[in-house]
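Down below is the structure, laid out as structure tokens.
Naming follows writing order (A, B, C and D), and every chain is counted from residue 1.
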């Protein structure tokens, strides 16, 4: 089974040379730590930076330089700053190659819910609705089940949607899953996790074809 | 009767303190020479400058600094450069206070035609269609009649339109005319021009109320 | 050159009234118009509709107006970690129109640039699109979103000149440029106000035509929400 | 940092084919991609559809492609003083879609930013709106104009870095920024190509994400169309 860093590490393998990548808050943010350093990648943060670098050294924080998670960051050589309209122009115009974000629920048709639990919790959608409606390549990073042990990979989302039929891949603590027109297709098992455990933790239709390899990190 | 400079001089009196002004090609360009220097005015050129200054001194021309008429210009202190989308954002968003442009024909309802004579001449509309569709304050600078002596102030335009019901005022070599819901309202006569001469040169409905003063330049 | 300078925040906020709609720049606490917010608290302007990506934190930024119940309605994309915002929203004290962040920016920019409405794919198939016109272009579905209408836009820039030309810094730029000229009156506070001619006309982010009033701001706190650092190697 | 540099104009234009649609920056002869145009002449690419505000003059800029009858269709706002353009258009040899200048810019920017179409008041009630959807918002009439689709955008910038970040100069900016990222492939030629990190990230007009290929241009003529001067007092 993977921890949050393990999920991020596995997702990092999906990041290819020449990709512009938008990382959501939470596990996705950790992905940056695991990207191979022999490839060229630039991170976009929707509040207005391309070429985002690591956190600043202590004492070098700049209140005018944060990421979408409101964390202090740095800018790498070749970075640029821009306004929110331009930023979402990049996103809407499909110039960003890969979006990685968290979710509360994903449905077998690729629907995603991650912004609201009616009557209980409202974080707001932030940029997520724009990202999922626009990006062609959307990977969800999340735990396979919620705190109550219920599956987060559903036949149909029960929470208000963030986007419809948009998720392409899901990486959880248990598995790597591709969203296909037929349903969730199991691609890889997390180290030490059996196919049966994944089946048990998945409410939506799970497609298992042939031997399912254990993931290599 | 006024010459081109006279028309420009009369129109300059319509330019008020604090106005952003877009000047079309031809007579309108001359208006800048006659604006009072005790008021604050900025000229916008739709190819991407606000705060346009006079022509450069000989030898100081910059190929990267022209106006919409492709003439070399200068930039005044406080000027800014921007792209075409932003430029027409200013225009469409009604941030430009006054547009002055030439015309081949103006109709008594404020329609204007100035970009095409079918089969004969096609200059193209350039930015004129955007300007006339957006601006709230549009003054036309033109000769009252064409080279054949025919009126350019018509009941209805015969040429393809640039915009509908948009012209607010017309300054010609003969008169200052306001476009009202009732038709062309004669406001002022050019020096030495009689009301009868203006009537004769105006095909559209001309409203003459009371004594028509001679214009003061 | 058309001068836009006013002497202070009081002069800059002349005309603000109860019940008005305001746009406020900033993302989180980054690039917020601190002086204008303080003055709105001071003047105790009530029943405000705020168009702002966030609502500050409990004790800073728009949170100050929330605390004093001056805000009737928030149009935002993210509530985030603001507990008072979430509480007022869930209890129904505060009207909230949650809007996708890109749509929020686009609706500001549409107002600035005279587009009456825009089509965006964001929110299609979600409750955000409920009651809105949707439409297909090239096999993809879009939602029609109308341009915002606001009375005042409160903007924070880094540098500005007398003509109202603005330059922003880092990610404090965010929504600020999109809001300039998107309201009837745009009020800008800057960290450094310079004479016209000092800024390179090539480097101006927002030309002065989009600005009605500009003033030298003061006492910026520029609070950091999530101070994250790494050790010096 | 993702590198966008290519060695020369030949490499930059790899993949251009007869029958394609190109966007070309510039206003009059100001800010036109001189190197790309020369190479298009050289390669004798035919049946081109050009989205460009003007078509150069008879013997410079896009006029060179017109002379050689390489252009099938022009989408422009202004024919102006280009006699060969006007002649080919009036004789029917050349297809011309005259488009209001602001609409032209907006259709480029819509393509860049993923808006499928925009509503503009320009051209309402004129032959430009014929056959197009019109619609009322707040009592004013607008025309629906769809985003452009193009294969290549040829852009001229002043400075650029390896990451494709661009800075433009003076009014040579014009349509160039709006066209970046508005075509499948955006090719940029610059007067000065610098290493990543040399440009201030606050001053970049177009981030590299909108650019696929960038190269150091050469032999710029930068011809002036209307040299107007005043005497030294």
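Operating definition for what follows: a contact is a pair of C-beta atoms (placed from the backbone, for glycine too) under 8 Å apart; a residue touches a chain by one contact, two chains touch by 3 or more.
Keep in mind the model is a prediction, meaning the values are calculated, not measured.
*Asks:* Rounded to the nearest whole Å, what is the centre-to-centre distance of chain A and chain D, using the mean of the C-alpha atoms as each centre?
*Replies:* Roughly 36 Å, centre to centre.
*Asks:* How many angstrom lie between the centres of chain B and chain D, each centre taken as the mean Cα position?
*Replies:* Comparing mean C-alpha positions, chain D is 28 Å from chain B.
*Asks:* Between chain C and chain D, what is the separation of their C-alpha centroids in Å?
*Replies:* Distance between chain centres: 33 Å.
*Asks:* Just the number, please: Cα centre separation of chain A and chain B in whole Å.
*Replies:* 55
*Asks:* Taking each residue of chain C in turn, which ones touch at least two of the other chains?
*Replies:* Each of 106, 109, 114-115, 120-121, 168-170, 202 in chain C touches at least two other chains.
*Asks:* Among the residues of chain B, which ones contact at least 2 other chains?
*Replies:* 49, 75, 81-82, 85, 88, 91-92, 134
*Asks:* Based on which chains are in contact, what kind of graph results: line, ring, star, complete or other?
*Replies:* Topology of the interface graph: other, matching no listed pattern.
*Asks:* Strictly by the criterion at the top, what is the full list of touching chain pairs?
*Replies:* Pairwise, the chains that meet the contact rule are A-C, A-D, B-C, B-D, C-D.
*Asks:* Could you pull out which chain C residues touch chain A in their complex?
*Replies:* These residues of chain C touch chain A: 27-31, 53, 76-80, 86, 89-90, 96, 98, 100-106, 108-109, 120-128, 158, 168-178, 205, 222-232.
*Asks:* Considering only the defined contacts, which chain C positions touch chain B in the complex?
*Replies:* Residue positions touching the partner: 1-3, 109, 111-115, 161-163, 165, 181, 195-197, 201-202, 204, 207-210.
*Asks:* Which residues of chain A touch chain C in their complex?
*Replies:* My answer: residues 45-49, 54-73, 75, 81-85, 87-88, 91-92, 111, 115-116, 119-130, 133-134, 160-165.
*Asks:* Residues of chain B touching chain C in their complex?
*Replies:* Touch residues, chain B against chain C: 18-20, 40-42, 44, 49-51, 75-82, 85-86, 88-96, 134.
*Asks:* Tell me, which parts of chain C touch chain D in their complex?
*Replies:* Against chain D, the touching part of chain C is residues 106, 114-121, 137-138, 140, 142, 146, 167-170, 202-203.
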